[in-house]
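Consider the two complexes below, in which chain A is the common component and chain B and chain C are the respective partners.
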Partner chain A sequence: MIAVAFLTTYGFLIVSMTLAALLALSLYIPFLAGQLSLASPGFYALGGYIAAVLATRVLPSAAGSSPVSALLLEMALAAVASGLLAVAVGVPALRLRGIYFALATIAFVEILRVVSLNLDITGGAVGIFGIPQPFASQLGYLWIVAPLLVGTMVVMWRLERTRAGRALVALREDELAADAMGINPTYYKTLAFTLGAMLAGVVGAISAHFLNTWNARQGTFDASVSLLAFVLIGGSRTFLGPVVGGLILTALPEVLRAAADIGGLPAWIARFLKEGRLIIFGTLIAVGSVFFPRGLITPELLGGPRHFRDPRRGSERPASTDGGPSARAASVDRPRRDAASGVAHLAVRRVSCRFGGLTAVNDVSFEVERGEIFGIIGPNGAGKTTLFNVITGLARPAGGQVVYRGDDLTGRPPHTVAARGIARTFQNIRLFGGLSVMDNMLIAQHLRTKAGVVSGALGLSVARAEEQGIRRRAWELLERVGLADRAGEAARGLPYGDQRRLEIARALALGPATLLMDEPAAGMNADEKRELSGLVRAIVAEFDLTVMLIEHHVPLVMGLCDRIAVLNFGQLIDLGEPEAVRQNPAVVEAYLGE
Partner chain B sequence: MSARPLLELHGLDVRYGGIQALRGIDVTVHAGEVVTLLGANGAGKSTTLRSVSRLVDLHAGRIVYDGRDVTRLRADAIVRLGISHVPEGRRMLSKLSVLDNLLLGAYTRSDHRQIREDADRQLRRFPRLAERRSQMAGTLSGGEQQMLAIARGLMSRPQLLLLDEPSLGLAPLVVREIFSIIRELRAAGVTILLVEQNANLALQHADRGYVLESGRIAVTGPALELLQNTDVRRAYLG
Partner chain C sequence: MTRTLLVQQFLNGLAIGSVYAIFALGFTLVFSILRIINFAHGAVFTLGAYLTYALTGSQFGINGLLANATLGVRLPFPLALIGGSLLAGLAGVALERVAFRPLRARGADPLLTLVSSLGVAVAMVNVMQYLFGAEIYSFPPRPFGNVPPAVNFGSEATPIPVRSVQVIIFLVSVAVLAVLTYLIHGTRVGKALRAVAEDPVTARLLGINTDRLIVFTFFISSVLGGLAGTLVGLSVSIAGPYFGIAFGLKGLAVIVLGGLGNIPGTMLGGLLIGLAESFVPSQHVAYRDAVPFALLFVVLLVRPYGLLGEAGSDRA
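Let's look at the complex of A and B:
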């Protein structure tokens, strides 16, 4: 009886809390991909208007439809309309970065508001009244919103653990590295923005009925700020954060008001609780963000750093460090098209690259043969890394061509270059630092898997099988570089040399035919450098790789490379076998010394 | 070399989350000495330097500089004491020019005329930087940034210089230049605590060395002795 009374009294609040949690999630989804979008209230307003117009003008004339199924239809239409608008807005707006993108989304919300104020169909400033109620009481809406919240949470839980969700997180951590792992930033940013918009649109459609009226005061900039507070105070590193933030922060003002009504309180406290509750609310938010800078709900709170278990351990396969038969098997499924064609594996033709007035690479040409270990040396600032950037699509050449196995790669984006089979490591190490070693390895297998949002979110068996496959491969590669026992640690916390090894393992996880390594031995001691040489030789044979290598440690380069190119002031000053290069007086003078 | 210890580390204990990076490290550096820290990746060398410049929190232990307990000082106060840290990974102020980076290295000084002279001296020392003095530091190549990090570290005219892998990513000729700077500084009486992967080179330029292993000091002694110690050779010098 008490429960029924409670639910009846607080029906409005409970449904409002649930709607707030859903809206917070709609902002969280693009946030997951590192995009601060404040556009949710705009799509929320749009969804509301769609439902209000349909319910008051269109559907009443359609006889025989039950109110609930009409609501479901409106929700679906709101989702579709919001999704389409999101793609149209997102594709251009997502070219902006950081705060500029956030500003654009605020402008978007404002434009929608002004439009709705001035259209006849939206009722102008007055809005739309008398939107029909599908349920007898306000609590009845829980039949719609509770399953929607639970369903969204399940989808988010799965998403964060599968391919599409990992691609989003990778973009948040380091867009450039994600791009080089084969993740198309435009596609995934638009996807996240669109999913968030669809959810906001659906919540708007429900809210229009729930509030019985809809007007231009719904979905304004104020709402954007509240939603952002839900996400930041709840916690922005797991989907539970925005849910908890939305629930609590919506309930709090009501709780304060209810507290004021408790008998026996001194009159001034009761009055303060009642009249000053927005002050208390604001203070709590300010204090909360000081003491919980990462939000109330953090991944650590949910069981600390995730522990990883090697799925093969304790099974029939004994632990070994030689890579094992399955690592080899995993590498043979990539196409080998250039075997007999006679075209160069990788041809750099008259490439130049300029930054402002500085010519970093000046008319450089060479060809790399398949299976070769090709070194690039030269003084600091000679253009070595820039050359790698041109090959992998991170820098656009001012002239010249990069032809890979007969395909012109010049000017292709990094994720396309990665998809063609070229992986790289970075001179200044670009791991996804906040993520675990294992997550880094899983993200890198993006191109080897296919599961999209739908199959991942629904937990289809195809997606699950894929997931097991890439995990096994991740373990094998980590074992190969000696990092298997650190799989659960944050990549950022690894010592420098281990971070370099992880970058190599991560690049190998792409399943490349060509691997570009930028100073792989930097920060390694003599022993580790020797090990690295062995590792490079072994993976070249084992994975049928072609390797390009920038390195300053001369004994390592000389001992490892089949041929070496020497750059100085952006120009190729020598190319040949190590011994010949070592004796070239120009190379000695520019680089080697003595 | 005087007998007065300039820097004393007593029982330093540092933890990152659940991981123990240092387990009771004791290091003494005398004024005018070059002391090198050796050891594998993850042994705690960088963490030791970061403890001295107060960039990490200590779990336990004491740091004494020039007879004064500085354990509770903050990083900026440490710089004012005359300790300069050239960190691993360069840490450029990437949107500022090369020259501004240098001048900010002298933030604690007020002798403007000499700051300019020192900046010119650094630019003469690294001609690559002189060519790029008005370029944004972020547009430098990796090796050029490393040169700038070292030059910036010298701009405060430190008494104690903490060098974390100064040769990282540098061409052989520039590595030689870096070690000739170390010799020059040593002759000028600057005390240096050096972390370097090239252990041979480091020991050739150092007075003493400490070998770290999993956050503990495994071996310590005069540099020459360590160079000849077969265990150390096998493990770290190759």
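Let's look at the complex of A and C:
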């Protein structure tokens, strides 16, 4: 009986809390991809207006009430409209970075607010009144919002563990590295932005009925900042954070109001609790961010994050440790037409690249043959890394062409280059540092899997089978480089040499035909360098690779490479077999001789 | 549009634009050294207006805790303006102490600092509401004594009257911008500020006391905020405790338009937005509040880092 009384009294609050949790999730989804979008209230307002207009003008209804089916239809339409608008706004706006994007989304919300304040169809400043009620009491809305919240949470839980969710997290950790792993940043950022917008639109449609009235005060900048507070105070590293943040922070002012009604309090305290509850609310947000910098709910709080669990405890690790045929099988299905047709494996033709007044690469041409280990040496600033960046699409050449197995790759984005079979490592190691070693390996297999948001979120068997496949392959590759024991650790916690080897394993996980390694031995001691040399030689044979290698350590390059190109001040000054290069006086002068 | 109206709109646009500029410079100064947007700046703006109002000896409304109270002093408006702005500056110092320093000391995510400044803003706005009530306050009429209510920018035959208040606002703003420019480019403190903005770590290694400099920046920033609040309040009225929130949003549009952390950019952005707003045709005047944001959106699509900004200036 008490429970029933409680639910009836607090029906409005309970539904409000649930709606707030959903809205917090709508902001959290783009945040997962590293995008701070404050646009949710705009889509929320849009969804609300769609429902309000449809319910009061279009859909037939008995006076003051409306069937639940009409509400569901409005929710669907709100989702579609919000989604379309999100794509239209997101595609241009997501080119902006960081805080610029955030402020552009604030601008979007403000523009929408002013427009809705002035249109006839939205009822101008007055808004729309008397939106019909599908339920007899406010608590009845729980029939809609509770399943919606639970459903969204299940989807988020699955999403964070499958391909699409991992792609989003990879973008948050390091957009450039994610791009080089074959993840299309524009697509996934727009996807996350759109999903968040659709959720906000749906919540708006429900809220319009729930509040019975809708006007331009719904979905303003104030709402944007409250949602941000929900996410950050709740915790932004798991979807449970925003949910908890939304629930608690919505309840808080009401709890304070209720507390004021407790008898026996001095009058001034009661008055302060009632009228000053937003003062307390604001103070708690400020204090909360100081004392809970990672939010109330952290992955550690949830019984240890899966990333840091001992991998051997799980049954997913295969018993056999012999390297595994499937890892190698990756390269077998690759076409061998380049060998037959005589087309160069990788041709760099008259490539130049400039930064401002500096010509980093100047009219460089060479061809790399299939299966060779091709070294690039040169003093600091010779343009070696820039050349890699041009080949992999990270830098746009001022002139020239990069042709890979007959395909012109010039000016293609990194994820397209990766999809064609070129993987790379970075001079200054770009692992997804906050994620586990295993996650790094899974993200790198993005191109080898197909599961989208829907199949991943629904846990379809296709997605599950795919998931098992890439996990098995990740284990095999980790075994190969000797990192299987560290699969559960955070990548940034690994010793330096292990980070280098993980980067190589991660690049191999793409299943490339060509591997570009940028100073893989930097910072290693002599033993490690020797070991690395052996590893490179072994993987070339094992994975049927062509390797391009930038290295400063001359003995290593001389011993390892089939041919060597020498760059100096952006120009190719020599190209040939190690012994010939070593004896070229120009090379000696530029680089070797001291 | 007649020539008279054109000139009037232009001068009004300059006046409001220059207030936008000094307000937004408060954002910019803090951003340039901390790479954080201080969301409580709008609340400081409101506070400055209330403080000046109190210092003129005017009576508070009936709804707040301070119902019908007056301050013991009754300063002439120009002095109250200075006093109110300086007090707002002190409030900014307190703000830094409460919402920024604890997080900086822990090396927290800049986003989190944004949230804590937001929390302080919510608290400040509601404290003001608790104290002063939600009603609209107007400054006493004729704050400048015998200055005539309008200045004629035309000839005797074709007068182009502009409200004196607008002219004074413009002059005050220009004076403040000049002082600020001198402060940044002509003094030791300014040099230190620019050094920290360029590279905080190196600046600290060179012996610059960053903490003290940050406090100083918050003081100047909040003086500017409070001053802008009073000027806008003078031009229109103090429209309640939430007065600064909407204005704060426009300030954000200004700083992004000009390029984050860029001082000349902020001045340019302020003037542009002021002018753009004042030239909205009267039949579409209801859409005026959307103008800064529409302008911002369009500019960002063409120049992703604002008019005078450069890539890399968004390390937020």
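In the analysis below, the second predicted complex is superposed on the first by the 558 of 594 C-alpha atoms of A that agree within 3 Å, B and C clash if a C-alpha of one lies under 4 Å from a C-alpha of the other, contacts with A are read in each partner's own complex, and residues count from 1 in each chain.
Assume contacts are C-beta pairs under 8 Å (C-beta built on N, C-alpha and C of every residue); 3 or more make two chains touch, one makes a residue touch a chain.
Everything numeric here is computed off the predicted structure, so don't read it as measured data.
Visitor: Taking the superposition on A as described, I'd like to know which of chain B and chain C A:355 touches: first, second, both or neither.
Guide: The answer is first: A:355 touches chain B but not chain C.
Visitor: First (chain B), second (chain C), both or neither: which does A:554 touch?
Guide: It touches chain B, and chain C stays clear.
Visitor: State whether A:225 touches chain B only (first), chain C only (second), both chains, or neither.
Guide: A:225: touches chain C, not chain B.
Visitor: Contacts for A:523 in the overlay, against chain B (first) and chain C (second): which applies, first, second, both or neither?
Guide: Once the two structures are laid over each other on A, A:523 reaches chain B alone.
Visitor: From the superposed pair, tell me which chain A residues show up as contacts to chain B and also as contacts to chain C.
Guide: Overlap of chain B and chain C footprints on chain A: empty.
Visitor: If you look only at chain B, which of its residues touch chain A in the complex?
Guide: 16-19, 38, 40-43, 46, 88-90, 128, 135, 139-144, 146-147, 165, 168-176, 197-200, 235-238
Visitor: Within the complex, which stretch of chain A touches chain B?
Guide: So the residues of chain A touching chain B come out as 305, 355, 358, 377-382, 384-386, 427-428, 489, 493-498, 519, 522-530, 552, 554, 591-593.
Visitor: Which residues of chain C touch chain A once you look at their complex with the stated criterion?
Guide: Per the touch definition, chain C meets chain A at residues 37, 39, 98-99, 102-103, 106, 108-109, 111-127, 130, 245, 249, 252-253, 256, 260, 286-287, 289-290, 292-294, 296-297, 300-301, 304-306, 314-316.
Visitor: Per the contact definition, I'd like the list of chain A residues that touch chain C in the complex.
Guide: Within the complex, chain A touches chain C at residues 36, 92-93, 95-100, 103-104, 106-108, 110-111, 114-115, 117-118, 221-222, 225, 228-229, 232-233, 272, 275-276, 278-290, 293.
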